[in-house]
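Right after this note come the structures.
After this come two complexes, each holding chain A, first together with chain B and then together with chain C.
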Partner chain A sequence: MLSASRHKTATHQAGRTSQGRSVLLTKLVVAAVLLGLVLAFPALAPDPFILSVGVVIASYAALAVAWNFVGGLTGYISLGHAAYSGLGGYGTALLVTEAGVNPWVSMVVAAVLVGLAAVPIGIASLRVRGASFVIVSIALVLILLLVAQSWAEVTGGSNGLRVPRPFGTDVLRPEQHERFFYLFVALTLVALVLWWVIDRSRLGTGLKAIREDEDKAQALGVPTFAYKLVVFVVSAFMTAMAGGMYALWFGSLDPIFQFSILTGSYLVLMSLLGGVRSLLGPVVGAVIVGYAVEFFKNQYGDSQMHLVALGVLLALVVLFMPDGVIPWVSAQLGRFRPGDTSIREVDAAQLAEERKALEEAKS
Partner chain B sequence: MTDLNKLGLETNGLTKAFGGVRAVDGATVSFQEGKINALIGPNGSGKTTFFNCVTGMIRPDSGTVTYQGRDVTGHAPHRIARAGLGRSFQLCRIFPRMTVLDNVLAGVRSAGLVHRLRGAHNPDDIARARELLARVGIEHLERSEARDISYGQQKLLELAGVLMAEPDTIMLDEPAGGVNPALIGRIATLVRELNAEGRTFVIVEHNMELVMSLSDHVVVFDRGRPIASGAPADVQNDPRVLEAYLGV
Partner chain C sequence: MSGSLLLQSLILGLLLGGLYALLAAGLTLYFGVMRVVMIAHSAFLILAAYLAWFFTTQTGLDPLLSLIITVPLFFAAGYGMQRALLSRLRPATLTMMSVLLTFAIALIIEGGLGYLFSGTQRRIQLGYSSASLELWGARIAVVKLVAFGLAAVSLLALYLLLKKTRFGQALRATIQHREAAQLLGIDTDRIAGFGFGLGLATAAVGGTALALDATIYPSLHWHWIGPLMAIIVIGGLGSIPGAAVAAMLLGVTQALLQIPMGTTWAQTVFYLALFATLMFRPQGFFGGRLAQRF
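Right, the complex of A and B next:
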């Protein structure tokens, strides 16, 4: 009886691995096709405006994946991630304009500095959980907004700060858009690889345990504070990289847009919409929300109606797809597959064994 | 395996007050190493707060906790866990949206960044996790999400997770609470087996039948401190215990 059941388990597991391989193959093919489409986008875009929308969406994708290091892995929702993209942007701009450093070196140096600054910020803010953490993250971006606006001799205040183009003046706008599109896609890919490595590691399992039940994780021996701080710093660094790249692309910075609570909210919306627990969730969300923002702006012109429309979108997501698009779609597909059951089949011998154990416990 | 001279878990004058209520009030307790210890007492006698102070979930106001001769008072919970003191929670806590297998893998011990960046689903860890799942009897559920399995199965899962962290001493907070009799039997058998392998247990439990049949040493709590301790049969007939429990 025992050997028969063992045999059953073995074949079951063999079937599982071959099934796993075919799933992996399907995923790789889908990823290759998607990447091909993304890389072909600049050639397919009908005009420079559509191309610039593509750049905006790619920058959102990089930011959203960077946000998801903290949001997705630990469940700490930051609404103030514009703090890091803004600091990355201003850091890059000031290094270029004031110190005459190479723009790409400036971008990396600024991001490293933001990553260092994220250590004390993380130590202070990761002590509080849930809604309190959200409020602390908002406070940070609001403080930075006030500082950037009033410290005009450095940041240019509301007049803005001009950033020279990194490719020189002989590279025309459409050409510049195309280069930056590929740069943002590359940055997003780097962030995705990093997220994937962490997600599948022991560190990642510890982080997800924190997301599910922080006290329990700590009781199991997970050094929760150190784990949270590591991804917090990685997230700030990647966000600052995207912010710096944006500054080089857009060429002009204004505190009201750089340290905007709206940017942080977009990142949360994108990640929630796509699904914070899946690798590509934030990218899918960035494409949908980024496109929607540009579409609504186009439709409603200068009014604030695009914000209302986005608010409605957020409400619908929370109501109907709380886990996001990707988990929702795979759940719909999963309905056609045979499911696992939590009911264990027990034969008479096992039942007798359990009864015996029960009797022993009583005696 | 059992060495009576080895220093185990001890507390000295442990105190924790919430506002004016002294939940734990100068508790000096020493648990027997290598044995199954039970911690009993009426509701509100401070057993869970005592547990939380010992495992670092709550910082005590005063007093000390020593484990294997080391002072671990006020240490962070993960440090106490890594020192070899594992625990379960009252009402059972698992990671609901992670698979059963990942729940167990969350307990794996690792040190240093390189170790921690190793894939969680590596053959060594998986083999150990599967072994533990088989041991508690839920290996067939490894791919289910933990929130989808029954409460009793979640209790077994929690135990498997605690075992993954390789504790020398395991503190269980009401292992039989809300569990059917057949499962209580299975949990009791597991505790006996694990104890025979050399693990010390400290069990908070209200099921007296289970406590009396399972434990070697019983500590009775009332109003935040121990009022009696000894072999189950002796404690059962202690007048102070009868008074605390029955109010006679």
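Right, the complex of A and C next:
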């Protein structure tokens, strides 16, 4: 009797772990297949235009994951991340053209500088919650747009700033696209790994506590302000890296596009659509929204209908799936599965048996 | 710098500040009734300006008459927006999600205006467009005075409505403590909707005033939303007198700074004041208990 019950729990546990292992294995296989598809994309792309759309989407993915450090972990929604990508872009461009620094070194140096600049900005904007944080994030982009347009001696103003290509002139355009595609994918992977590490750390736990209830988190002794500041600076740094890389790829910067609230709102829409709480949510969102944006721009050309399309999409996501498409889809699928209940599905006899086994094990 | 130039800038700053104050009062109302930051406020402002322009070009009448249509229309739109859209959002994430939702509405308005009227800059030509008054050497355009008068009258009407009527009392009670207001028998949902409508009506008035003497284009609202947001944070979120004082002060500062620095750099004063406020006094200068947490 006793041995039988022990045997039963043992197989039960073994079953559970092997199930866990198979889930992990499936996840790894799916991830490997997805990564393989992504890496094969340049070879599969029929023409350089499609390839360049792929580069744009990859850059959006890097930016959206960088945004999700703040948006996903703390729940603070910033509409102004274009400020950091724009600063990263201009910093990289100026270091290359004015100081003659190696392009890749300037990209990293510019991102570090943006990270440093994010410290006072974070101190100012993270002291207040919710509404004021969003207002500051918008104000930051608007102020930088004003400065970049007015300070023409340095930024080139509305004429734009040309950035020399990091690869030699013998590397042709499609080849450039291909290399930058891999670079953006690599940057996205680095950001994902960093997000995953933070998500599982003490820092991440504290941040998620802030997201759920900041007052309670503070009462429990989470150093809320320091945690928020750290992740804010990390986010600004990663965003600036992606912005710098974009500047090197695109080769010219215009304040209107670099410091645009629209870009910032794309990032929010991507992360929200994909799901801010999941690791891959922003990437999924970047693929969907990035493709949609390029499609709308192609379809409607110069007319302003692409703004309307973006607005409608954002409103629908906010109203109907604020947790993102991944949780929404799994909830829809969940309808066909047996429902989760909080009731333990064991009868009294089984419980008594387990208790007896425990007591005997003790004695 | 001559004295008359200084005087002129001072007067222009005050006139502009009046318009800022009216619009900031609208933003404060939304924030008060629902803790919502309404990004689309300035987009509705530009929409109203376009409607005034369209009204004048189609009928040839004075743009001020378009208020008869736009104010009730915007009031209804605000009521509908609050009841149908914003009240659907989850309370836990209301502040953040409402920002995104109203941002989406702003994009739809901007895109729609661009689609219907193209990105061309528009301006209303009136008989008195170029008329101006001279006061100790300072020249003040009549249209700016009319715009200020409109803003001042509306602000006064809003003040009286909030302070002297039963509806105003109910609205203020809803802002102060929703549950307590409910216990007193106030239908807070309806009142919140009306508060929203009232806020949007200020955008209708402001837009008409703006159309009198400004060149308008669809993406103009981005130039308004930043300063307005800065004003309500500096004044202390939720405080109408705070917003009005901050609006006047910043309007005058902006106008005075325009003399040595030019228009673009003078705009940065709003953002610098915003950052300084958040660094040293995050709850704003007139905000009470409410502003602390937002």
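Just so we're on the same page, the second predicted complex is superposed on the first by the 316 of 363 C-alpha atoms of A that agree within 3 Å, B and C clash if a C-alpha of one lies under 4 Å from a C-alpha of the other, contacts with A are read in each partner's own complex, and residues count from 1 in each chain.
To be clear about the criterion, a residue touches a chain if its C-beta (ideal position, glycine included) is under 8 Å from a C-beta of that chain, and two chains touch if they have at least 3 such contacts.
What you are looking at is a predicted structure, and each value in this text was computed from that prediction instead of being measured.
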Which superposed partner A:V134 touches (first chain B, second chain C, both, neither): second
First (chain B), second (chain C), both or neither touched by A:G89: neither
Contacts of A:G115 with chain B and chain C, given as first, second, both or neither: neither
Partner chain(s) touched by A:G274 [first = chain B, second = chain C, both, neither]: neither
Chain B versus chain C as contact partner of A:S125, first or second or both or neither: second
First (chain B), second (chain C), both or neither touched by A:G324: neither
Chain B/chain C common contact set on chain A: none
Residue ranges of chain A in contact with chain C within the complex: 75-77, 79, 123-125, 127-132, 134-136, 138-140, 142-143, 146-147, 149-150, 261-262, 265, 268, 272, 303-312, 314-315, 318-319, 322
In the complex, chain C residues that touch chain A: 31, 35, 37, 39, 85, 88-90, 93, 95-97, 99-101, 103-108, 110-115, 119, 218, 222, 225-226, 229-230, 233, 237, 262, 264-265, 267-268, 270-271, 274-275, 278-279, 282, 293-294
Of all residues in chain B, those that touch chain A in their complex: 55, 57, 76-78, 81-82, 86-87, 89, 93-98, 102, 105-110, 115-121, 125, 138, 140-141, 143-144, 148-150, 153, 161-162, 164-165, 181-182, 184-186, 188-189, 209-210, 213-214
Chain B-facing residues of chain A, complex: 197-198, 200-206, 208-209, 212-213, 215-225, 277, 340, 342, 344, 354-355, 357-363
